[in-house]
Amino acid sequence: MNHIFLQILTGLQISALYMLIALGLTLIFGTLGVVNFAHGALFMLGAYFAVEISSQFGFGVAIIAVPILLFIIGIIMERGLIRFFYERPHTDQILVTFGLAIVLGEVMKTIYGANNLPFDIPKWGSGIVRLHEYLPFLEGFVAYPKWRLILIVVSFSTVISLFTLLQFTKFGLIVRAGMRDSQMLAFLGVNITRRFTIVFGIGSVIAAIAGLFGGPITQVEPEVGMHMLIPSFLVVVIGGMGSLPGAVLASLILGMSISFTAEYAALQQIIIYLIAVIILLVRPRGLMGKKGLME
Amino acid sequence: MMPNNKSISEAMLDCYQVSKNFGGLQALSDVNLRVKEGTVHSLIGPNGAGKSTLLNVITGMIVPTHGSVVFDGKPLGNVSPHEINQLGMAKVFQTPAIFPEMSLLQNVCIPALAARDGAFKLNMFDRGEGDPIESFAEETLAEVGLQEVMHSEARFLSRGDKRRLELAICIAHRPKLLLLDEPTAGMARHETESTIELLRKISKSGMTMVIVEHDMNVVFALSDIISVLAQGSIIAEGNPDDVKGNPKVIEAYLGEEQE
Amino acid sequence: MNKSTSIFSKYPIPIFSLVVLSFPFWFEYIGGYPGLDTKILIWALMALGFDILLGFTGYLSFGHAIFFGVSAYATGLMLKHFSPEIIPAMFIAVIVGTIMAFAVGYLTMKRSGIYFSILTLAFGEMLNSAALSTLQDITGGDNGLTIPDVKPVLFGIRMDGLSMYFLAAAILILGYYLARRIATSPFGLILKAIKSNQERLEYTGIDVQKYKLGGFVISAIYASIAGSLMVIYEPYVATEYLHWSTSGELVIMSVMGGVGTLVGPMIGAAFMLYFENVLSVPLGEEWLLVLGIIFMAIVIFLPGGFMEGLARIKKRYFNKSNKEEK
Amino acid sequence: MTKKSDVSKTVSRRSILKAGAVGAAAMSAPMFYARNAWAEKAIGNYPISGDTMMLGFNVPQTGAYADEGADELRAYKLAVKHLNNGGGMLETMTPSKLTGSGVLGKKVDFVTGDTQTNPDAARTSARRMIERDKVIMFGGGSSSSVAIAQQHLAHDLGIVFMAGLTHSNDTTGKDKRRYGFRHFFNAEMTGIALAPIIAKEYGKDRRAFHLTADYSWGHTQHDAMKRATEAQGWTTVNNIMTPLKSTDFSQYLTAILNSDADVVVLNHYGKNMVNSLSQAVEFGMRELQKNGKTMEVVVPLFSRLMAQGAGSSKIQGVLGTTNWNWSLQDAGSQAFVKSFEAEYGFPPSMAAHTCYCQTLLYANACEMAGTFYPPEVIKQLEGFEFDGMGNGKTLYRAEDHQCFKDILVVKGKSPAEKTGEFDLLELVDTTPRETVTYDHKIFGGELGSYEPS
């Protein structure tokens, strides 16, 4: 019982971080039709800012400041670079954002060095939670790091907030309509461009949240963005490009499979790729992908 | 139950009790369509009558819920597009489907190659230039009147010329049956007229055609037989004059207008 | 391609051969060195083959390293355990690479766009993991497959230095000649049509799936030969040969040079290796940053890569002179 | 370079150039070379033409180990400075024939390259140094796969390779080469040195769970630790191979929590180690009670840069081994640290130390041989015993080119104990050289010939 419970918890926690990064990636893709390989770099920037700000002013300030900073950076990125690529092939989008990811990583390396920056978890989040005290079905002593539990909560709250925003607000209505047919909306006189810029900003904010809460776990170093990008991108593709529920589902599948294969090294190393291959061969557009996108 | 052999030999295309259900929506119900060899057969009907669905069933894009399609004596079913094409059926799409980045000549060479070499041939070291297929393609382009611009890229053509090019792509196979999905949609008047001329010329060469069209001028100018579809069923069929006076047809169209 | 009447388009093969064969004799004057020239040719060969896939059919593979790497391992194992004679090693390597290409191509070519890219990436990463971990008794794991004291020979002639260079050059020139033949063949025409409008092609009576697989396998054979040459040039196999970054580098080279032009990706390969190994030295730690910026600039301003740049220069200067002539 | 030699280089390239250079050298310096019969044969970039001796420093400048690479480069530059002008360990090293005014009358110069921590890239970069820049020796690197790839190339081309940071047994074990030398210690020595001390600290009745980075170094480290701790009476509960690129180790740590192990051995290095250690601490593995004992974490290979990355709150009290630390008080270490600090303003890392020593050792071997002729230089290094470079009396074993010296067992300092940014490790014990010396035959491998074929 303990065993399975802990594996599930770990699976949840692994998927929580993938989910956060994949969510931004798929949101931006679904609305703007842009494959943003620099999304991992946004996560990395978020983590660096989080370290820097929380060491100066405390984690509380960082929670407010980092998303705002990343929102601004996201908007600059969209206005300054990405928007010129809406009409270009996806290959070009992938390549230019990949180039940007390299550049951002190298800039951070030049400033902070290639070594990790220690990211100490704030006092209120450190330590372990004695789960057996709360959950009677667990036998004996079962503990889990508090921070990881916080990450799970933060991640799922972000997912719920995003869904709420898209499902129940006028902004969300327009964005969703834009996801389906942006030309029509532009025809109807809706300023979809400005809203799309904001969507890019929101995607960046989610990356900031991932950086804030994931940074202490993945460590803060220039290559962390690239490391996180590939599994997150797999999540997006397995879930179906542009599908938010698909991304959530796919990250849960990947997280659980990573957790449950931990003791089988040969399988563990390829599990996420194996799942990707199987799912894509059975379902051509991932779990919830739409026809015609990215084909 | 299959149609008897006699009717197969007469018909180029035989749709037998074709039904298609899209998640509860009955797009086609028990459609019987028989296209005789050498005729121009038009499909008309109000919007949503199921014309495009029927066309897609014929080309194998959509698998019917019930019924069968027999083309040139061979039943179609679970056949991929290129196989249908190799059997001798070509389709002109509603929006011009061409190879935009390639020259007109190359556009037409491809179907000509498919007709000559089959669906696949590992001819990767054959000389492309000077291949007799090029002069054949040139002739085909001449038939549609695009010979002069054959070296320019297809994407620079006007919409009407793109259609002509697509027509050239389709007839380069010398197909037994040519399907046309609204061949004059979005065309200016003079373009429409020249297209009618062109199609008439092609049909005279003995090619069987199925045309889905809105423009009644085109339909009446070209058709030997017209079938009228409404709400997934064929409600009338006959030569142009028969159809013109058929009260059911008038009702079907008026019914649409009242909505 | 373009209708310009430059000398190159008149005599492509002789001029290409001339450049390739004279390369080692002037390369040193621009900071190059023996060994790098051979490596450039090997990568150029792979980039050339990659262009048959990406440039013609438009399929972006992130798993092309599979064929390079698998063939490199096959060659390495043959040289180590069978014979330093390269003919059997290359033969087996290309066979293994081709079989691999049929298997991977058959599964991945059913999907298109990003789904294809991800599938190829996934296969590549699985093989890389296998080489690093499960199969490390055969592959040598991350230490690489070391082949001590084996000197590859061709009919008894030792393959190193200039002899190796000319072996690679001969294969590259032949490869370029064949690639041009493919480009102008009916087969090449249909591959290009796949990129242009796959749906139309299907409704034109072409078995697109087979042509795609054909293009994929041809492209993979180029990569296999390149992988095999790499190990003959340096009897050592790094697991990086199978890593997705090798595929990624290939994509970057192709885009920098100009996708679909055959010559472009080869120029891209030369530029990448030259930059990475020669220009990077004075730049020190920042070389990757500079390369990233150059790469971005090319994607933004020159979507057709160096070849587009050349075409623009040509247009600016030669059109002027054409006018004067008229 | 003269115009004539440029032309010959262009036309004939390597082989003929070598022959030409031999002829030119023989004419210009007949006295010197005539003394040595072996000098007639050209190997690699020997004989050196001109009056500079070129060294190649191939270090990671990009990628995960770029900081270590940068520190290695600093040390190399310092070593070149000292070889040309005196200072540093030149004053403490014994025996030494180094003069502090170049080597064998030639000025020492260097070129640099980027290994990218990628064996293939490292070899291409090394080739540039060898073929174009004509280095007589090259060195550096921060991982074993890169070192092994380079020493095979070195052996093929006849250039001596003085490895930088590489800890895998393979480097001087199954993949040893005649032209490759390692000053750094290895996984086997770590096991022998560390096991008795952790057994003393934590008790002989311990159950260990290993997490091992799934690459050659990890495997040798795991193997060595397992053997050494089991010899002390420990039980090995399980071992999980973790992918090299892992950043999150929670799934493995969960497996440890689920087991009955009470010690975690992290056979990780670099960012793997920073991540796994931080996360193990986060999972409470230093406070949990298992089998009636407090759980402990052991990190076999410790480095100050890694400790810095993890932060002292994570490393406090954690035991491990290290090749060298700047806080050592012997004269050699002090001389090195002082000159390094004077130059750069902060103390050197162990990677810097090993690279510095390697350069001096090579230069000294040339002086002792009286020639740059590689086989003679190699013979001088083989079996060379020296002192005054930190770690006490050290032997370059002839059979496998591995240095044997005292091994430092260290413990992470707590935030309260440390006196500065770089003061992270506390010396717990020193395991004498005799104890860590093992039989070279256990790993197999062949050094190969003195003259490359």
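Here the chain labels run A, B, C and D in written order, and each chain numbers its own residues starting at 1.
Here is the rule we go by: a residue touches a chain if its C-beta (ideal position, glycine included) is under 8 Å from a C-beta of that chain, and two chains touch if they have at least 3 such contacts.
Source: prediction; values computed, not measured.
If chain C is left out, touch-linked groups of the remaining chains read A, D | B. Distance between chain centres (mean CA atoms), chain A to chain B: 48 Å. For this pair, chain A with chain C, the centres built from the Cα atoms lie 34 Å apart.
Averaged Cα coordinates give chain A a centre that lies 39 Å from the centre of chain D.
Here the CA centre of chain B is 43 Å from the CA centre of chain C.
Looking at chain A, one finds that residues 106, 109, 265, 269 touch two or more other chains. Within chain D, contacts with two or more other chains are made by residues 62, 66, 70, 214, 241, 243. Residue positions 129, 132-133, 285, 288 of chain C are each in touch with at least two other chains.
All chain pairs that touch, listed by label, are A-C, A-D, B-C, C-D. Residues 35, 81, 84, 88, 90-92, 94-96, 98-100, 102-103, 106-107, 109-110, 230, 233-234, 237, 241, 265-266, 269-270, 273-274, 276-277, 280-281, 284-286, 294-295 of chain A are the ones touching chain C in the complex.
Interface of chain C with chain A (complex): residues 60, 107, 110-115, 118-119, 121-123, 125-126, 129-130, 132-134, 244, 248, 251-252, 255, 285-286, 288-289, 291-293, 295-296, 299-300, 303. Contact residues of chain C toward chain B in the complex are 178, 181-182, 184-190, 192-193, 195-197, 199-208, 210-211, 214, 218.
Within the complex formed with chain C, the chain B residues making contact are 59, 80-82, 85-86, 90-91, 93, 97-102, 106, 109-111, 113-115, 117, 119-129, 131, 133, 169, 173. Per the touch definition, chain A reaches chain D in the complex via residues 2-3, 6-7, 9-11, 13-14, 17, 106, 109, 113-118, 120-121, 126-128, 141-145, 147-148, 216-219, 221, 223-224, 227-228, 258-259, 262-263, 265, 268-269.
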